[in-house]
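Chains: A, B, C and D, in written order; residue numbering restarts at 1 for each.
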Amino acid sequence: MPLYAERPPLPSDDKRWRIVNGTMRKHGFSRNALIETLHTVQSSFGFLDEPAIKFVAQSLRVPLSQAYGVVTFYHFFSLKPPGKHTCTICTGTACYIKGSEKLVVEAEKQLHVRVGETTADGEVSLGTVRCVGDCGRAPVVLFDGELSAQMKAPQLAQQLERWTMQ
Amino acid sequence: MSDLKTLATVWLDGCSGCHMSLLDMDERLVELSSQFTLVYSPLVDRKTFPDRVDVTLVEGAVASEDDLKKIRKIREHTRVLVSLGDCALTGNVSAMRNMCGVQPVMLRVYEQNVVQPQVPTVGVPALLNRVRPVHEVVPVDVFVPGCPPSADTIYQVLSELLAGKVPTLEGVAHFG
Amino acid sequence: MNTEELQQIAAGGQEERDKFDYEVNVCMGTSCLSQHSDRIRDAIAKEAEACGKKCQVRRTGCMGPCAAGPMILVEPAGKLYGHVREGDAKDIVEALGGEPVARLDPELGSYFEGQNFVVLENVGHIDPEKIDEYIARGGYQALLKALTEMNPASVIEQISKSGLRGRGGGGYPTGLKWDTVAKVKGAQKYVICNGDEGDPGAFMDRSVLESDPQRVIEGMAIAAYAIGASKGYIYVRAEYPLAVQRLTMALREARRRGFLGNSICETQFNFDIDIRLGAGAFVCGEETALIASIEGKRGTPRPRPPYPAVSGLWADPTLINNVETFANVPPIIRHGGEWFSSMGTARSKGTKVFALTGKIQRTGLVEVPMGMTLRQIIFGIGGGVPDGRKFKAVQTGGPSGGCMPEEHLDLSISYDALISAGSMMGSGGMIVMDDTSCMVSVARFFMEFCMTESCGKCVPCRAGTVQMFELLTKITKGEATHRDLDRLTELCEVVGATSLCGLGQTAPNPVLSTLRYFKHEYLAHIDEKRCPAGVCELSPAAVEVHA
Amino acid sequence: MSAEPNVRTLTINGEEISARSDQSILEAAREHNVEIPTLCHLEGLSEVGACRLCLVEVKGARRLLPACVTQVAEGMEVTTHSPKIDRYRTMILEMYFAERNHVCSVCVANGNCELQDLSLKLGMTHVEIPYQYPQLPVDASHPRFTVDHNRCVLCTRCVRVCSEIEGANTWGVMGRGAQSLVITDLKQPWGDSETCTSCGKCVQVCPTGALFEKTSVGNKTRKHPEFLPYLRIMREGEQP
C-alpha cells in the first residue's frame, strides 16, 4: 500500500509543518512521539484536523485508527479551530465551591453557545478546564490564555462584551 | 395449594404478541382455567378492573398517560404483578422511540408521507416523553423475559404461582 | 562535579549575596505572575537602582498564601508584603532598612504557625531558574553524597528508614517500592515522575515544579541511582505551562552543571530526563495509564499485576513516584532517614503539602507535619470560614476522597486516619465548605468529574458512573425516591468492587462519605423536596408527559 | 524463565486441581469444566481484563481478581461463584444492557448473542437500572458488513483481531468514557477505509450483533470465532 511506504510530504508550504516535522525528527520519528507531535500541531495550528492527523500518523507509522483514538481521548486536543478569542472557565473543585457553575451559566447566556462551542461569528470559543492550579484565588477564568482570578459574573460578562461588541 | 384464584391480563404499549403466546398454551389453558378465574383481560368482556385481583400479567411498556393511569390502578388492586415480555421489562421495541423523542415520531407518522397531515388530539391519550418499563413506574413482583415469552414459559410461571412459589426464570428465559 | 566544586558554587552564590544589603524576593508563581508580578519586580529593580540601595531583586517561586498575592519577601528583615501593586515599588524600596510599609501587610495572622518546610524549604529564597541558587542552599549535596559515599542499597535503606510514603495519594511505602524495582533484573530501567496533578482543586505539584524544579530532578537522580535506571521521564500536565517552562530550563541547567548526562559527578552513573506532556486526562495519574500515555497511546489502564516495577514503560522495570515524593528525597539523604521519621505520626512520617482552598479566610499552599489536626490547619493556619458562615465539611483526596464533617476536625492527619474517616490523603487538595454548600451537589460534582474522566475501558466505571451521576441529579432535582437511594448505594458497592483501576474503584467515595455524614441532606431532598443549603432547585416528582 | 512450565496445585470452589504455572485462573477453571462468565475474553486474542465478568474471589487478595489475567499460584484458593459475585455480575450485565440500545427482539444476533446468552446464564431477568438510549449511528457503507453501534459492548475484540491477527489496524477506539466508540481509520465510513482488507475477522469475533454480514437475515447467523486459535498455532509454526 502506498499509504505508509515512505514518509509523506509536508501537507503544504505552511512553515508550521516544519516545526511539526522538527518535533518528529527530534524523537527519531518514533511511534511513541505521537502525543508530543500532536501537542506541536495543536500549539502551532490551534487545532488538529484530519489531514494533520493523517500526516502525523503516516510520518510516525502509527495506524490511523490509533492516531484518531489518541486525539479524541485527550481533552487537550481539539478537532475544531478555535474562535478568535477563547474564554476558558476552570471547573476544578475549589472553583466549583466558589461558584464557577454560575460563571458557566453567565458565559453561555452571554455568548449564546454551550461549553465546547464557538460563537457563530467565530469570535469567541467557550471552554472549561479541570483545574489550572490557581485554586487559592478561585474561581479562575482564562481569557485568551491569560489567567484572571477571583472572577465574578458581572466582570466575566464585561470581558465577553468587550469581545463580542467589536 | 395457593390461595391465588383470580387472574387478570392487561395490554399496555405492546404488540399483543405476549397475549398470543398466552393463547399458545393451547389445551393447558383448560387445565389452568380450572384453577384460575380470568377476571379481566383484552380477551374477555369486562370493562373495569376489579377491586382485587390475585395475579395480573402485564404486557407492554408504559408509553402514554393512559398506560400510566392504568398501571397505577392495577398495581393498587393486584397482589402479584407479573411483567410479561420484553416491552414490560425493558421497553423493548415500544421504547425505541426514546432514542429520538416523541416529536420526530409524531411527525413521521402523522405528517410526513400521508395524504391528510393531522396530529390526532381528541380521544387518544397523550404520549409520555419517555417510554418506561413497568418496574420504573410501579413495583413488580415477577419478571418474565421473552419477545414473546414462550407458551411453556408462561405455563411454568402460572403453575409455579399456583403452587405457591415465586417463579424464578433464571436460566430459563432470556430477552428476545 | 565533586564536593569542592559544589562548595565553590555555593560559596560563589554567598559572595554574590554578600554584595547586597537587601534582598527583595518577588513571587513569580502562576498565581502572582497572573497579577503581573514580573512588572512589579522590574519596577522595584528600577527604584532600587535609582536610589542606590544595594538590593538584590529576585524572582522566586510560590510562597504559599496565594490569595494575598502578589507576594514579596524582604530579607534580611524577613518581612512579607501582600497585594503588592506596581505603584508600591517606590515605598518598598524606601522602606528597606527602616519601618516596613504598613499598608502592604498581608495580614496572614497565624498562617505560618505550625508549618514545617521540608519540601518547600527553598520557597521564597531561590530563583527557580538558577541552579546555583539551589546549590547555594544545599542542593545536589544529597546526590553527590549518594553517588560518592553510599551504595544503592544504603540509599534505599535510608529511604525505607525515613518511613516516606507515596505522596500521590496511595501512600505506598517509597522504600519498599524502590527496593522492588532495584531487585528486578533488567538492563534498562526507568524512573518516572508523576506530575499529572489531576485532582481538581490541588496545586502542590505545580507549585513545587515551578518554584524548586531542581529538587525534583535531584530526587529522581537519586532514585535512578538506587534502582539502576539510566533514563527518566517527568510527566507534567500541559495545563501548567509555567511549570513546563521552568522544568525545561532546569533540565538544561542540570545538564550544564553535570548532574544529568553521562558520568555524573565523575562517577560511572549515567542518567537523563525527558519531559512528557499530559494532555488533559485525569486517568493518566494511574500508573499503567501514565505509562501508556508516555508510550504515545491512549491513557487506558491495564490490570495489575504485572506491576510497573516488573513490567512498566516498554515492558521494562519502572519506578513511578509523584512530584512531592521525589522532592522529599534530597533532604532525607542529606539529613538521614531518622531525621525524617522523627516528624509525623507512627505510620505517616514527615510533612505533607496541602493546597488549602474553598471557603476559608487564608487560602494557599501549606506544609505541615503529619499528625497535625484538621482543626489546626483549617482554623489555625487557614483562619476558619469567612463571612460569618458556619463550617460544614472539609474535602480531601480529590475525586477519590471524601467529605468530613465538624466531628472529625480533631482528626490527626495521617494516611490511615483519613481512610478510616472515609476519605483519603490524596495528593493534598483540602477544600473547605461552609453551610452554603449542598453535599448532594458536591457528590454530584465529583461524580460528573469521574464520569467525564473515565477512560471507558471497563463497564462498571464507564456505565456505572453515568448511572450514579443521573441518580444524584435526580436527587438534586427532587425527583428521587428511596428506591433510587438504595440503587445508588448498590451501584457504589459494585462500581467500587469491580472497576479495573483506581479511578473507578474510588469514584463512589465522595458519595459514600457524604451518605455517611450528611445522609440527612439526601433525605431532605427526597422526602421534603428541600435543599438544606438552598443550592438545588427542586420540583415535585412527576413523570413528564408529552404535551 | 524456565522453558518447562511447572505444575501448580490450587483449589477452585473447594475442588483441588492442578494447572500449569503459565495458565490463568480462567484457563485452569475451564479445563476443569468450571464455568466463569466472560465477554471480552476470546481464545486467540490478547487479554484486556475489561468486561469484569470473570472476577473471582481469591483468598488473601484484597480485591476481586479478573480470572482471565490472573495467573494460577501454588495453594491459591479460588471461589468463582458466591451470592456476592453473582450479584455483581448481574449488575455489570445490567449496566451493559442499559448503556446502549440492546433490543434483542429486532437484533440480527438474536439467539446467537453472547450478551443475551450471559443474561440467561447469570439469571438476569430484567434491567433494574434505567436505559440510557444514546443516539448512535449505524454504518452500512461497507459492501459486505455493517456496524451498528447501538449493539456494541466495547469489548474491543474487533480492534484486537484486526491488530493482532490481521495486522491491518483498521479498527480502533475513539473518545473516552461513555462516549467511547469503535472506529475504522479516522472515523470515516467503513466502506471508505483505506486499510480494511475486508477479511471479516472482526465480524466473526464480535460477541453481539454490532458487527454483522449483510447477508445475515433473520436470526440464523452463527459466528465462527474458532478460527483464531488455529491461526495462532499455524502462525507460530512448528514448536521445537
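List of remarks:
Quick note on the criterion: a contact is a pair of C-beta atoms (placed from the backbone, for glycine too) under 8 Å apart; a residue touches a chain by one contact, two chains touch by 3 or more.
Nothing here was measured: the structure is a model prediction, and the numbers come from that model.
Chains touching both chain B and chain C: D.
Highest C-beta contact pair count among chain pairs: A-C.
Once the centre of each chain is set as its mean CA position, chain C and chain D turn out to be 39 Å apart. Between the Cα centres of chain A and chain B there is a gap of 51 Å.
In terms of their C-alpha centroids, the spacing between chain A and chain C amounts to 25 Å. In terms of their C-alpha centroids, the spacing between chain A and chain D amounts to 35 Å. Looking at chain A, residues 66, 69, 73 sit in touch with two or more other chains.
Residue numbers of chain D whose C-beta contacts span two or more other chains: 128, 130, 173, 175-176.
Among the residues of chain B, none is found touching two or more other chains. Against chain A, in their complex, chain D makes its touches with residues 159, 163, 169-176, 183-187, 194-195. Residues of chain C that touch chain A in their complex: 30-31, 34-35, 65-67, 69, 197-203, 206-207, 238-240, 276-282, 293-300, 355-359, 363-365, 395, 398, 429, 431-433, 437, 442, 445-446, 449, 453, 455.
Remark: chain A residues 31-36, 38-39, 62, 66, 69-70, 73-77, 91-98, 129-138, 146-149 touch chain C in the complex. Per the touch definition, chain B reaches chain D in the complex via residues 83, 86, 89-93, 95-96, 98-100, 133, 135-136, 140, 143-145, 147, 168-176.
Of all the residues in chain A, the ones that touch chain D in their complex are 1, 3, 50, 53-54, 63-69, 72-73.
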